[in-house]
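Worksheet: the structure to be examined is printed underneath.
For clarity, chains are labelled A, B and C in written order, and residue numbers in each chain start from 1.
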């Protein structure tokens, strides 16, 4: 049985992809292949295994960078949220990082760390870390004071208050921050591959652009966007299940 | 019929309201005498706000009709003004613009509507706050703005949806006294929704007791003897206390 | 943060960080970290140079054009989605998709479709900014206090009156919030696009400085960029807070 919203999702997908197919067929632009050509290229890549190899390369700096950002970011965030002195000292840096176009630092990172994995991991980190730190610190600061006072009135130690009250109450927002961090990390990982050295999916995109193999280029871009969207949606679903609709992320 | 037109400002005739399969109102008829205050009293979910919004023309009735001065109505009109439970003030507009908003929508020019608004701001005791914004006022003062707005369009019928439920108890008592004076001095018909038994008995000429699932009028009570007494002695009048007690007895079985 | 009973202003710790930077720079800890004073004196030299002004102009132009389209397309689209269920159901999956998609990946497509020029940069900027503007405008309209709408109806407001006098203003805090985040994202988008296209604006300037290892020049440009981005974000924040109380939820 098809529900109305499911039907409308299919319809809306069909409309957009149909428009793409049509635009490709009438030849709006020499560099615009049809939707079906691009999908065929994607299937070819999948069968030849090329795409899996590419993702292994692309996802490595992303995973490493996001893990580093998560550990350091949550640590700094909790500390900022708990200590007024540290907040004064550290927050301005992350507030500026959040507003600033950090991508501008990439040429500098290339000069300092070369064109290898280190630079790419750094790019992912500078993109992902600010939102994680800021979300964590805001979440920690916003713990309802009545709950903290309750724990203290029942003779909870400072450690108890942090581990049993503050962290659990802040975790929905921290998790939302992580999701936004992953989202920014994807932008960083792809930017790194396009700007620093073409590897993985970035390599397919750059190479097929040079050889004017546009269907492959569109297929690669389509697949990386699809992957990011699906992965982030899964994270959002996990968030809904874990925190029962209690999510209130601060979007960047 | 002609007699009816003179005596009743609003007549509700056999009104039904369904939300899908849910029957909110069934065959409800009620008359609202001119120049008097009628309360719609009942437990939550009894459809009293639904009925008020149908009279206001904000909701369509599934069946039946509402007559205002003998004319059937099905949409909002200049003959009725609404006072909202949450005040419904525009936070971006000053007090005077809020009060004049009904006139603004009717195309009254700026200087005229502001002079009318100024008069009603004075009547509700907010002189000096004309250029304040709603978020700078207390809850009670905000409802005075809402009341001034409804009065400024000079409609013969005033519809009030639990107007005092969002203000504190002291302010509420003051409002109830002011409302009695308003009914006495203005020649208007008031329809007043409340869930407070004491409030209904205190302010009303006529209390319509509504019972839920599906809503119907179970009883109409017309408190009489204390109406002409001094405002300050009503709350200890024996008929007042008996009426409150009697209504509570018929309602208590509906409290979950 | 208090020091001897005085409240220290919010961003004052940056002075401390600046001093640390200067000391590390003077100690020549790293080639990549020149002293702050050297960076500022370089800034004094280049700020009226032709290349710098040109980069600033090109970036400002593409940024403004990009956010202009994002705003004039995004706000009406969001308001319409908030008011029309069918339109909302058709468009929302796509808006959400592009909201979380790594838009960087689309820049190569734009480059082959629209060339290596300002046009591609402007479209990238719009793409970075528009989705959050749509989502927030939509949320603003959907969260309007029901009784404000009833109030306008009870006074017999026409649909146009209700739209101009109620809907737009009641949704304004969310719309401005969306515009603010959209602008911040647009700043990132315009720089990412310039880095990838790299023959216009600051992208070209970065190429030039990094190929010649002109560290002070490089940092001077970065500081200008960051300062501009931060100022813009704070100004919009002040503006958004000014209309915060329009959201009648907190009546």
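Methods note: contacts are C-beta pairs under 8 Å (C-beta built on N, C-alpha and C of every residue); 3 or more make two chains touch, one makes a residue touch a chain.
Quick caveat: nothing in here was measured; it's all calculated off a predicted structure.
Undergrad: What graph shape do the protein chains here make by touch: line, ring, star, complete or other?
TA: Its topology is that of a line.
Undergrad: Compute the centre of every chain as the mean of its C-alpha atoms, then state which one is farthest from the centre of chain C.
TA: Centroid comparison gives B as the farthest chain from chain C.
Undergrad: Centre to centre, by mean C-alpha position, how many angstrom separate chain B and chain C?
TA: The answer is 48 Å.
Undergrad: Per the centroid of Cα atoms for each chain, what is the distance between chain A and chain B, given in Å?
TA: A distance of 54 Å separates the two centres.
Undergrad: Find the geometric centre of each of chain A and chain C from their Cα atoms only, then give the gap between the two centres in Å, rounded to an integer.
TA: One centre to the other, that is 18 Å.
Undergrad: Would you pull the chain C residues touching chain A in the complex into a rising list?
TA: Residues 1, 8, 10-14, 16-17, 30, 32, 86, 89-91, 93-94, 97, 100-109, 111-113, 132, 181, 184-185, 187-188, 190-192, 195-196, 202, 206-207, 209-210, 213, 218, 221-222, 225-226, 229-230, 232-234.
Undergrad: Mind listing the chain C positions that touch chain B in their complex?
TA: Where chain C meets chain B, its residues are 145, 147-148, 150-157, 161, 165-166, 169-170, 172, 243, 245-248, 250-251.
Undergrad: If you look only at chain B, which of its residues touch chain C in the complex?
TA: 53, 56-58, 75-78, 80-82, 84-92, 101-102, 104-106, 133-135, 142, 153
Undergrad: Could you please specify the touching residues of chain A with respect to chain C in the complex?
TA: 4-5, 8-9, 11-13, 15-16, 29, 31-32, 84-85, 87-90, 92-93, 95-96, 98-108, 110-112, 183, 186-187, 189-191, 194-195, 201, 205-206, 209, 214, 217-218, 221, 224-225, 228-229, 232-233, 251-252
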